[in-house]
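Common to both upcoming complexes is chain A, partnered first by chain B, then by chain C.
And then the complex of A and B:
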């Protein structure tokens, strides 16, 4: 039993790394563009189909397929900004309209995927070796995903803190008008943010491809998880999201082992609701006084 | 003969850096500014005074491009500003210090200053400008690692002014620099404005502390209910009975 528990905790931490990256993307878009990207998990799903199409249907090497998925998903991000988000911002749509538009987008993306790739499970079918440390079994694919995600987060942290562009992104998130007065063009920053968010979905898709098989409704649960993590950590708070991701990762993994995956979802939501009742601003969020 | 004398007069007049011609600004259906004309010359400090809600801040926001006029024209060094987005106006050399500073609260003092030099033409000189600014405001050097929202009111205003200098502007728009500050701090903030003025920057200031503001200025405008009702050199403003009674409290 302790072995099982230990295994599930380790795997929960590994899952938490990728969830942190997922939540980071959604958080960044919310912080900068002020839009809750409800189709974020669906974009990961699209990315996995891109990897599948390139690797299985077109017989390209898996690594190359994963690399190509990054710019492809970056372009998807740009297209979303152009076709969905810009019109919403231009019309100064209220938050409910924005949510409905993005929720509608998830339906469009999922059904389009079903038309193109069908409803069956699609996987790239590669077997990576298991690693055995003491009584803990680790899948290499999970380890790659975990360290890849942490490395990416570290790179993003440096980018946001050390470059002019990163500084511009952070300042737009804090005060739009002040940022414009510094000579920052918000439209350009929105495009850059959505492209970066898109590339991240491609990267997550690359990490997920050796772990999961994809189907048209694969993204929904990850959108929900990312959203829960973002709210749990405090919306727009990147560090809060990072901590939240590991909490959710470990809780999901451990409760799935102790009970079942269905109960695990319930436990995650119960924790989420409890935190929101006690700290509506999230773990590290700042309370906005009226 | 009369023609040539008019030309001499034109030549004597200092070149207008900023020229606002009959500008009207609306918030939706509500008109905030009516046919306002105003000019600022090179190196000049101009103050716009007037009661709360007269449209003073609106005027500054219209110049900096945060708002767009419905009619009229704004020209800065030969460039039309009235349809230009805010980030391009900064590039021409206009820096606005918004009311209350509007700093980036979760960026450090140093990062706030660095965003100030975001413009490509300012980046190359950022290190030199930063050194100058730390010389002018040593307290910012001491606090450079602190988050902006941990500063006192006066320090924030100082940082906001310093941040605007980082873009290497030619004209600085100051929106109520004394707003919300204790009287003693106000005196210090005006000392800083005076320092900046003596460095040769042109300043267009909007201020409710009329007496202190006028002391710094070369020329003044009085704006009431969105209209310019009086303009003239500092002296006539300081001696004007209406201004004294309504705004200086003498």
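And then the complex of A and C:
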């Protein structure tokens, strides 16, 4: 039993790494564009279909397929900004309307995927060796995803803190009007943020592809998971999201072993509801009076 | 006066329709439209005052499963079960509603809490698979055509029963419109803080409307389950049905009496049209168009189809 528990904790931490990356993308978009990207998991799903199409249907090497998926998903992010988010911002839609529009978008993406790729499970079918250290079994694909995600997060941290563009993005997130007065073009930054968020979905898709098989409803649970982490850590709080991801990763993984996957999901959802009710600013957030 | 006459004529036409066109298929579509219109109308009681719930699937699931399980295991008549299911849904609404309203959760956050609630109910129904049949759902024991057990092999029975329920739902809307509650809720919806300084009991009014909405939604789910005689957690709870209810109402226009009905009729007919014309090869196709139409409408016509048409006529007059 302790072995099982140890295994699930380790796997939860590994899962937490990728979830942290997922939550980072959603958090960044929320912080900068001020939109809850409710179709974020669905974008990851699209990225996985891109990898599948390139690697299995067009027989390209898996690594190359994953690399191509990055710019493709970046373009998807730009298209979303152009066709959905810009009109929403222009119409001065309230947050609820934005949420509903993006929820409508998930229906479009999921069903488009079903029409194009069918409802069956699609995987790239590669076998990576299993590593075991002591009594803990680790899948290589999970390890790659974990370290890849951490490395990407480090890179993103440097990008946001050390580059001029990163500074512009952070200033837009902090105070839109002042940033505008400093000569930053918010429209441009929105596009860059959505493209970066899109590339991130492609990267996550590349990490997920060897682990999961994709199907049209694959994205929904990850959108929910990412959103729960974002709320847990405090909306727009990147460090909070990072910590939240590991909490949620370990909680799902351990409670799935102790009970069942459904009960594990219920526990996570109840955490989410409680956080919104009792501590809407998140674990690390500061309460802003309305 | 002319409007009332039109309404009576429309209902009379819908009422005698089966005698002129005795097609079981059209009766089936009509019944589905009535049941889901009843549910989306009940949803809009809340939605029109800014309480946009994305978790009405929770009330569907609690209502239908309470009734169905009591019937299958203890032979309890669905007429009593329906009331118990409705009360169970009200109980759930009280818990989540009070928590949300007490802590001032509104707008998009309210939508997200309810979305999670719908999923919690779905997962609970799946997790207790020994009783509920899990993801596969369960079939109601057949009693043939029985008024006592609220089952019928004749489609026409359900056609009229669900039409009656829809009329009831619309009358409740009218009743809310004439009540004090309507003024209070409208004030709350526009500016909660201003309303509370004027002495409007925010929590109380929100609770009452949520309870009414949950109760009738649960009743609608029982109606659907009795008609289809099969219960499944994915069609009666969780994210998908919850969003569908909200979207049908929003598409038609949740601020007007006929909006939810128009939206539901449109979506159900559209889905059927695509299913019949394109068959199963394009299963997702109607949904893509439906989703696109939704996104466009939400951005450009936030009052919905019926609401916008109504505005247009008002401007002309």
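Points to keep in mind about this one:
Methods note: the second predicted complex is superposed on the first by the 289 of 290 C-alpha atoms of A that agree within 3 Å, B and C clash if a C-alpha of one lies under 4 Å from a C-alpha of the other, contacts with A are read in each partner's own complex, and residues count from 1 in each chain.
Please note the rule applied: contacts are C-beta pairs under 8 Å (C-beta built on N, C-alpha and C of every residue); 3 or more make two chains touch, one makes a residue touch a chain.
Keep in mind that this is a model prediction, so the values were computed, not measured.
When the two complexes are overlaid on their common chain A, residue A:178 makes contact with chain B while staying clear of chain C. In the superposition on chain A, contact of A:129 is made with neither chain B nor chain C.
Of the two partners chain B and chain C, more chain A residues are in touch with C. Contact with chain B, but none with chain C, is seen for A:164 once the two complexes are overlaid on the shared chain. In the superposition on chain A, contact is made by A:260 with chain C only, not with chain B.
No residue of chain A lies at the contact with chain B in one complex and also at the contact with chain C in the other. Per the touch definition, chain B reaches chain A in the complex via residues 64-66, 85-87, 90-91, 95-96, 98, 102-107, 111, 114-116, 118-119, 122-123, 163-164, 167. Chain A contributes residues 164, 167-168, 170-171, 174-175, 177-186 to its touches with chain B in the complex. On the side of chain C, the complex with chain A involves touching residues 50, 52, 54, 96, 99-100, 103, 105, 107-109, 111-113, 116-117, 119-120, 123-124, 126-127, 239, 243, 246-247, 250, 282-285, 287-288, 290-292, 294-295, 298-300, 302. Looking at the complex, you find that chain A touches chain C at residues 36, 84, 87-88, 91, 93-101, 103-108, 110-115, 119, 216, 220, 224, 227, 231, 260, 262-263, 265-266, 269-270, 272-273, 276-278, 280.
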